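Before I ask anything, let me first share the structure, which is written out below as structure tokens.
Chain naming follows the written order as A, B, C and D, and within any one chain the residues start at number 1.
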Amino acid sequence: MKATRRGFLTAAGAAAAAQDHVHAQGHDHDHQAVPSDLTLRVKSLESLLVEKGLVDRAALDALVDRYEHAVGPRNGARVVARAWVDAGYKKRLLASAAAAMEELGFASQTGENLVAIENGPKVHNLVVCTLCSCYPWAVLGLPPVWYKSAPYRSRAVIDPRGVLREFGLELPEDAEVRVWDSTAELRYLVLPERPPGAEKLSEEALAALVTRDAMIGVAKVTLPQAGGRP
Amino acid sequence: MDTTRRGFLAATSAAAGDHAQAADQHHDHDHQAVPSDPTLRVKALESLLVEKGLVDRAAMEALIDAYEHKIGPHNGARVVARAWVDPGYKQRLLADAPAAISELGLPKPSGLLAVENGPRLHNLVVCTLCSCYPSSFLGLPPVWYKSAAYRSRAVIDPRGVLREFGLELPEDVEVRVWDSTAELRYLVLPERPAGSEKLGEEALAALVTRDAMVGVAKAKPPQAGGGA
Amino acid sequence: MNGVHDMGGMHGMGAIHYEKNEPVFHARWESRVFALFRLTRAWNKWNVDVSRRQIESIPAAQYLRMSYYERWFTALGELLVASGLITRAELVKGKRARGSPKATPPITAAQVASMPSAAALARREAPVAPRFQAGQQVRARNLHPVDHTRLPRYARGKLGAIHRDHGVWAFPDAIAHFLSDKPQHVYSVRFAARELWGETASPRDAVYLDLWDDYLEPA
Amino acid sequence: MNSVHDMGGMHGMGPIKYEKNEPVFHARWEGRVLALTSAMGPWRLPGSSRFEQEQIPAAEYLRMSYYERWFTVLVERMVKGGLVTRQEIKSGKRAGGSPKAVPRLTAAQVRATPASAGRTDRPVVTPLFRVGQAVRARNMHPPGHTRLPRYTRGRLGTIDRDHGVSRPPDTSAQGLGAKPQHIYSVRFAARELWGEQAAPRDAVYVDLWDDYLEPA
């Protein structure tokens, strides 16, 4: 049940295999399902649908390209960085994330269903979808495998502090953890705290610090090791 | 729900080829898992434990023999039949089932309770957490009793489950589901079927099925002997 | 433990497959697993709740895929290794490690008939006072222990009434860890179907659960 | 439906496996499945993808990867919608003599700035609850699709914010989701959900519609 932090972040696969091969078998499937077989079945389905004129192959390529290259966490990072440097923008973001997105030129597919939630010194927000794997695609791209996995979906609501500990984030007792289970059509974006020592950074440099994990709420934003040292 | 599910399985089977095979296997697994492999693995473990002196092979044979040939629903059927013909015995059975069972010369089970069906009351036994069953008295449970389908639905939709077993209960009958989560085991005392007034105790016992003592069926009507 | 073994109230588990004239065992290996499981327990290295806990810890997808005796077999191997009766290497090879001692089985064929049942082993004579009386309203506590428990999820937080007192028994949540027995009363508690499942349930139906003192609070 | 997809609070699912520098897709077929699903969207396939996924048998659901579930459900819905036949799926070839359609999603459309999914129908509905009000999530167990997780049912919470009006996607025949209604973020204290061992300050926020709630 308990995974040590080190084993978790570095060598999860190997550690699990050593600890219990049954466990490993059960969970490897999360990201490697029957590869060869599905490759063939998907390929065959694709050619069928193209042959029948139901889908356009160029459209498929464009879609894949969009999620591989166009949409991703850097969209969210730009929003976060702007909110850090511009108090008025932050207010608008928290009031209506969709409108604030459009200000930066993102016509969001998630649109008005996006909600930004702000971390503070005593409040930490964490996003999960226990029923499926809902995620703010428009701002963060596609969710990582762990976000869609049974262990995260099951434990984020019942043991958020344990989950955060696995991600290397130990929260003080007096902090409040708010878990947002996005079971409906609303999507959540965590507005992380601006790290101390980042006062002189430009908006662009700030955006480079903002990770996908921080916007899901499983990490804080930190300064890179070198820059952080005085 | 149920038909949807069947439809789903059937549909997927054609659609997704071997995926559906896997799905079908899932249900088949309930009683026939990976045939050749466990045979070998179990055999290997057995010889290891015997070799290490941890278990005695003759004791294994004796135990298996007991459950295959000696312990079984016929024990329960005798008890039920006696309760039908002897009101005093029935009272003792409902008050203290282990004592009443040992009265008949059967091994005394510990922690067994008898619950009585009536015209307006039907009892059903399940174990949602594992598959607890009065094994030492009725023998080992059938596969369906241990299946996810039964364990999940018996508590939330007992009437639907009973309907699948061919038992449609009127609205005004109370259904009591006994989820045997502790070490207590339950025996349903079914209603004596109409028309069985003249039967002897032994003939009555022949009407009492395992399913009736779990509560998924009523006792068989007399002279149903195959044709009706 | 909120695992998939806690199935009460789950949807989507499919139809119940009824087999006519079902044999006691469907394959010889099933009977061997059954007998091995029963006879190795006599070493008193584990009790029934320890073995249940072992079965419950099988990963969910595996648990659902496996047949009943396959789960037993999986748990048995782990219990034997964890208790030190055999080593992992012996389990893998199926052969006794060279030079390791040979024991004498605690149960012989003649003793099989007199083996104590799980219930007999869990019953306690300790003079513990009951916390509740028959007829009393109780609420099943809203507990979510990460480990073995006999309190199903669907009953947690629900109102019920004590139907009868079954006397004193060892507490599974404790003995699953070889801790003290924590002996206490077990009651049959009646929960109205509507309390458990809402307005769509039948107004007359009820579920009866055997629950320990520690699972209950006064309502 | 109370199925394994409703995972909130389950134990025993193992450790969370974090992959450093995780690629967007782990195999080419994953991207193709995603794209195929999107490209088939304009054909208005019958049923809901989520509910179809929830009906995958439990062991299979847990065994399958995310995109494998998508693939399974896509095939199912296309066949139901009569767009392809099982025979065609099996052979991977269009049946002889069957008509050839014109794709409804083009690459140009994909490359164009994605249109905002703004909701045009915004009926005016009076909310049943107001921010700050104590509510109880209803104890219901519909066999169809619902967005009310099991772990919240019967639990006390407070309305944290009102998100406006939309229609719950429930598929059950209990009249749920038949009408547009307000949806709220409801705050549940961790201790209310999980008992005394939970942290006293923590909370879970769940988006719930009017139909899922009753006054506390």
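Going forward, a contact is a pair of C-beta atoms (placed from the backbone, for glycine too) under 8 Å apart; a residue touches a chain by one contact, two chains touch by 3 or more.
Given the structure is predicted, the values throughout are model-derived calculations rather than measurements.
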Checklist entry - Quick check: more C-beta contact pairs in C-D or B-C? => result B-C
Checklist entry - By CA centroid distance, what chain is farthest from subunit A? => result B
Checklist entry - How many angstrom lie between the CA centroids of subunit B and subunit D, rounded to a whole number? => result 38
Next on the checklist: Could you work out how far the Cα centre of subunit C sits from that of subunit D, in whole Å?
Outcome noted: 34
Checklist entry - At what distance in angstrom does the C-alpha mean of subunit C lie from that of subunit B? => result 17
Item to check | Set of subunit C residues in contact with two or more other chains | outcome: 2, 9-14, 59-61, 64-65, 144, 146, 196-197
Checklist entry - At which residue positions does subunit B touch at least two other chains? => result 1, 5, 9, 16-17, 26-27, 148, 156
Next on the checklist: Can you pull out the residues of subunit D that are in contact with at least two other chains?
Outcome noted: 2, 9-14, 55, 57-59, 62-63, 71, 75, 89, 141, 143, 193-194
Checklist entry - Can you list the subunit B residues touching subunit C in their complex? => result 1-2, 5-6, 9, 26-27, 29-35, 38-39, 41-49, 51-56, 58-64, 66-68, 72, 107, 109-111, 113, 128-131, 136, 139-140, 142-144, 146-156, 158-159, 161, 164-165, 171-185
Checklist outcome for this item: Seen from subunit D, its contact residues with subunit A in the complex are 5-20, 22, 24-29, 31-36, 38-40, 43, 50, 53, 62-68, 71, 74-75, 83-84, 88-89, 92-94, 98, 100-103, 105-107, 109-111, 113-119, 147-149, 151, 163, 166, 168, 183, 185, 187, 190, 193-194, 198-199, 201-209
Checklist entry - So in the complex, which bits of subunit C are touching subunit D? => result 1-4, 9-14, 56-57, 59-61, 64-65, 141-144, 146, 153, 157-158, 196-200
Checklist entry - Can you name the residues of subunit A that touch subunit D in the complex? => result 1, 3, 8-9, 12-13, 16, 23, 26-27, 29-35, 38-39, 41-49, 51-56, 58-64, 66-68, 72, 98, 107-113, 115, 130-133, 138, 141-142, 144-146, 148-155, 157-158, 160-161, 163, 166-167, 173-186
Checklist entry - Which residues of subunit C touch subunit B in their complex? => result 5-19, 22, 24-29, 31-36, 38-40, 43, 48, 52, 55, 64-70, 73, 76-77, 80, 85-86, 90-91, 93-96, 100, 102-105, 107-113, 117-120, 122-123, 150-152, 154, 166, 169, 172, 186, 188, 190, 193, 196-197, 201-202, 204-212
